[in-house]
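In what follows, a single structure is set out as structure tokens and then discussed.
Letters A, B, C and D name the chains as they come in the text, with residue numbers starting at 1 for each one.
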Amino acid sequence: MPRTILNVEGIHKIYSLGSFFKRLRINALDDVSFSVESDDPVVISLIGESGSGKTTLLKVLLRLVEPNRGRIDVEDRPIVAAGERTLPDDELLRLVQPIFQNPFEAFNAYRTVDKYLRDTAVLVNRLARGHEAEGAIDETLESVGLHYGDVVGKYPNQFSGGELQRVSVARALIPRPKLIVADEPVSMIDASLRMNIVNLFRKIKQEFATSFLYITHDLATAYYISDYIAILYRGCVMEFGAAADVLRRPLHPYTQLLLDSVPQVGVKWTAREKMSDLETTEYAFAGCKFANRCPHAMPRCRSVRPAAIRPKKGREVYCHLYAEPRDQTDSEAVGVG
Amino acid sequence: MKSNATHVHGEAASRRETVDISLRDVVGTYTTVRGTVNAVDGVSLDIAGGGIIGVAGESGCGKTTLLKLLYGNVEYPLSLTRGSIRFNLDGMPITHETIRRYWFRRIAYIPQSSMSSLNPVIRIRKQFLDRAGYSQDNVFQGARGRRQQRETLERVRQYLRELDLPVEVLDSFPHQLSGGMRQRVMVALATFFHPDIILADEPTTALDVVVQKGILLLLAEVQEALRNTILIVTHDMGVHYQLTHRMVIMYAAKIVEYGPTEEVFSRPLHPYTKMLIESLPKVGDDRVRQGAKGKPPSLYSELRGCRYAPRCPKAQAICRKQEPELAELSPGRRAACFFPEE
Amino acid sequence: MNLLKYLVSRFATYLAVLFIGITILFILPRLMPSDPIEQYIGSLAQESSVALTAEQVADIRKVLAEMYGLEGSMFEQYVGFLRRVFTFDFGPSLSAFPKPVSEFIAAALPWTAGLLATATVFAWIIGNLIGLTAGYFHHSRWAAVIETVGVLIYPVPYYVFAIVLIILFAFLMPVFPLTFTVMPGPLSLEKVKDIAYNSALPAAALVLAGLGYNILGMKSLSYSAKEEDYVTYARLKGVRDREIMYRYVFRNAILPQVTSLALSLGTIFSGALITEMLFSYPGVGLLMRRAVGDGDYNLLYGTVSVTIVAVATATLVIDLIYPLFDPRIRHR
Amino acid sequence: MGWNIRLKIGLAILLFFVVLAFGVSWLAPVDPSAQGSYLPYLPVSADHLLGTNALGQDIFWFLTESVRNSMILGLTVAACTTLISLAVGLVAGYRGGKTDRFIMLLNDSFIVIPTFPILIVLSSLVRGRAGFPAIVAILIAFGWAWNGRTIRSVALSVREREFINMARFSGCRTARIVVQEIFPYVYAYTVVGFINSILYAINIEAALAIIGLSDVETPTLGSAVYWPNTYSAIMTGNYVWIGAPVVAISLLFLGLFLTSTGYNQYFAERRGHS
């Protein structure tokens, strides 16, 4: 029986904006579910544009934000369930560790970076200050290609972005977590140096048997590194499955649009797409949130939220286009493209 | 752009073709607390004919500085310490000194951040008019000023319709528009006067890919209709591939390669360009990619020879001693390398 | 931000200011060891040659307690105090018995309001314009001169300006009167001139004291507004300099200055009170001074309550005007 | 990164006053506030650096004593208000939400309510007696709000920064995060606020003394103006008597102001390049 690496079940998160009288409710996460089971460590990518809810999901997973409903398990251990913290804080820190987008934001400009490494070794790993902690730090730094001497006494601005992100990775590794949550970890790094960090993730996955939740809007690196992929739009999962499968044979019209829009070297764009700017009303749609922009939208798309359809094992697509014919009462309304 | 675009732009379309930009040994220097640094260090290039020209390179390579110098946006701490920049618009010469007179009417600019580049407290309409010169001041000039303002506003509306933009944006404040809409407003602002040259600095960096595609295709359509020159600076090689006709690659304050985009991608001449292209992962490509080794040299230090030599797999003794010229290696293709790729 | 939300939150602050201010005023004397009634009886016994009988003392006590609102439980006293403030009825003045306190205040308030409003608006507008110029042309030598002047006058307190102005223009060069003397009578051009002549020095002291704050604030705000992307972009669009200065730099830099004016009204009012006292200007400040001198508690509480209500209301008014300057609050 | 010109001048002025108040003032030959120690109206001389006043006091020694008392008052009030504003600002800023809204409502109220009339009520109640402690208490009660507001807004923005989450996942608890991560960002504002509070306290007490509502028997910068004002020093032409304290107040405030803005600038520059 394979382990559950990550199980996200019916997560809801509602943000209230606006005034006391005129409340605007944003369903930042609207019933998000997906689950990955595996014997080996995996990289799961969470793909979405701004406003898709990928950052909110990350915060829920890190327990920086409390969900209104739903549960999350990591390595068969429940982290949150029904809004309750079901795991003590210190155990969470040994199970899940984050890497943030901008390494210069992730370290306090007034503190030397080694202090974060030492805090982690002492406060999370419960190692004694001094040699014991420093030994663990040095060992971990070496696995990301740095030495203790490179970082000690240095402030963040004395590093390049790539180097600092390595320090950030090393810090996350010190407790030997089962899952590292990486939020756009390479978007601030120059394209030619990006692969160094991405390849480092691959190496860590093997060496430390650590799984990754990789949050990004960049389909190319996601394709390169991930085993599984979830596509989010307006707080809903659109499509989920094995990474190569989803990106090579996208089923959901939104995934197709996303792939069409990536400026990729080697495939020229053809026509201009129909565009929709960020619409806050989309968050409140009763049906499919993509219905307004979808070229294949049917009447029922606007009224009925599509359920997960599993065209094959381990693949989920939330789209009425792929519903069984007997369910499809208005299939004559549109030709399936 | 809709079918009537050719009618509106008919007059504009006929006058292009003879635009060229000429850079001679341009040096742009920043004064910083650590001393002076040449962010653009001796760049010479002639760009003739219209089309979309891309300027590529990674952070700190000098591409944004080059754009500032071109536009004449040279303010402390940046200064043009050497060289000359000339534009030739249908036989009319424009130099670094006179460019300000032609800003937006003949040479326009699209900034990176549309959110912070629009005045938050005045309506979009007024931000169109203040450049058109028909702002509140003219209203005080009586009926004539008011009529002129009305006419200009009507032309602005007409133009927005051509670009498929909702006319209502004119009455909005910037914070009421989405990021994509604001950036399209910036494109509309920059192209309203049908300029001969448009300079764009990372115009889609902060946007989502779907919106980015729309903006870039809009730029491409505008260029086709106006037949003018658009110079676009971006670090995203995919954008260059999709949009540009020719491209300039910069590294450590120098131009290392220049040529037609398709050829640069299919057959890069400079080892740096090659590395840049090969480090990009692609959807559907399962090969293992390697990131670049090392990092660009600090521009504060004394630099000798080819600036890429310390990282270059093909570097020889001469590369470290002598600086290679940006030489024309085949018609329309230039590279600054002693041992260009075959 | 939503306009309604903004207005509701401002109004809540207004009510909180009133509530806290009035409550402090209510609690403060009750925390003090001395009892105003005993103090008054004590001073009465000292002044009058005839000894007071115990009955008389008890009578006086009763009357005074009623007059001061010191009857009944603490809660009843508090409700009574609130009623006094909101009905603008502070009982009779003790030093000019039985003329009600509200009459004194009604006579003094227009003077204070007139002086304060004129001086504050003047200092705010002039200070902001000077600050804008200095911030916008920050490279010029004049900007440095203006900033130095601002730095030199900013920390100087109200009373120093008052004393220096008195020494300079009432003694050494007696061009203005030392104390305020305006004849009562109907409003005429003559009288307006007279008022202006008599108010010139206190007004000047207030303007000078407020100028530095506005100059320095606006200078740094407009300097940083000038560095904003939208100003750079406007410049690159070729918008004319004067237009950039007013519609881009000024329109944005003025927003924090409006907020800061609202927040500093309390300080300005405090300064106005002491200025009035030093110039014997017939406003609320002088009235307050007289109330303290005469031990007239009703008058004192009346003036101080009115001061708090006035400052809170003026702050609210500025806050309500603010959305006119900032469309981000007006239009969500 | 060197000190800027404002900081240099400001600190020089403050140093001058500190030496005057805490070094020189102890050397006074007699109690400076005792009346009739000398003949009245003695001119400026080597014995009496600023002459003597109508009450037979040495103006110079009276002034040094005044500066000392005013500075002690200012430092006491500033120390207390700084602690309160730090606590209030950090709690409101870090906790956010309802706590923040409530504290800010209180805070804005204390900013808007004019301090001076409240102090007048207070001093009329105590009639100049038991003056100092009560005045200090009121100055503290009203003095924390401005700094509290500043510190809160800094803490509020720092709270949203990514490194706070980083510290949390490095095992830091709330107290440690506030001290290690947030305090460095509010530190400079705290110093500036401390200096401004000194100015505020000395200023208000002086204002109160000048109109005779503070404890005028204790020499402070305010009572140093009150006495010549009461004895009409202007009319009798004894300009040094009133001029000296007025100049001293202005100079001291200038010093405090230059130090606070100079330090602010110094810190901003350092932050810009560190």
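The criterion applied here is as follows: a residue touches a chain if its C-beta (ideal position, glycine included) is under 8 Å from a C-beta of that chain, and two chains touch if they have at least 3 such contacts.
The structure displayed is predicted, hence computed values, not measured ones.
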{"item": "Third chains touching both chain C and chain A", "value": "B, D"}
{"item": "Chain pair with more C-beta contacts, B-C versus C-D", "value": "C-D"}
{"item": "Between chain C and chain D, centroid-to-centroid distance (C-alpha), Å", "value": "21"}
{"item": "Inter-centroid spacing, chain D versus chain B (mean Cα positions, whole Å)", "value": "55"}
{"item": "Chain centre separation in whole Å, for chain B relative to chain A (CA means)", "value": "33"}
{"item": "Chain D, residues touching no fewer than two other chains", "value": "none"}
{"item": "Chain B, residues touching no fewer than two other chains", "value": "none"}
{"item": "Of all residues in chain C, the ones touching two or more other chains", "value": "332"}
{"item": "Complex contact set, residues of chain C against chain B", "value": "228-230, 232-234, 236-239, 243, 247-248, 251-252, 255, 325-328, 331-332"}
{"item": "Residues of chain D that touch chain C when the two form their complex", "value": "6, 105-106, 108-118, 120-127, 130, 199, 203-204, 206-207, 210-211, 213, 225, 229, 234-235, 239, 242, 246, 249-250, 253-254, 256-258, 261"}
{"item": "Parts of chain C lying in touch with chain D, wherever the complex brings them together", "value": "12-13, 16-17, 19-21, 24-25, 28-29, 32-34, 36, 39, 151-152, 154-160, 163-164, 166-167, 171, 263, 265-267, 269-271, 273-274, 277-278, 288-289, 291-292, 295, 300-301, 303-304, 307-308, 311-312, 315"}
{"item": "Chain A residues touching chain B - in the complex, by the definition given at the top", "value": "49-50, 160, 162, 190-199, 217, 219-221, 223-224, 244, 247-248, 257-266, 268-269, 272-273, 275, 277-278"}
{"item": "Chain B to chain C touching residues, read off their complex", "value": "71, 73, 100, 103-105, 109, 111, 113, 116-123, 126, 130-131, 135, 137, 173, 175-176, 189"}
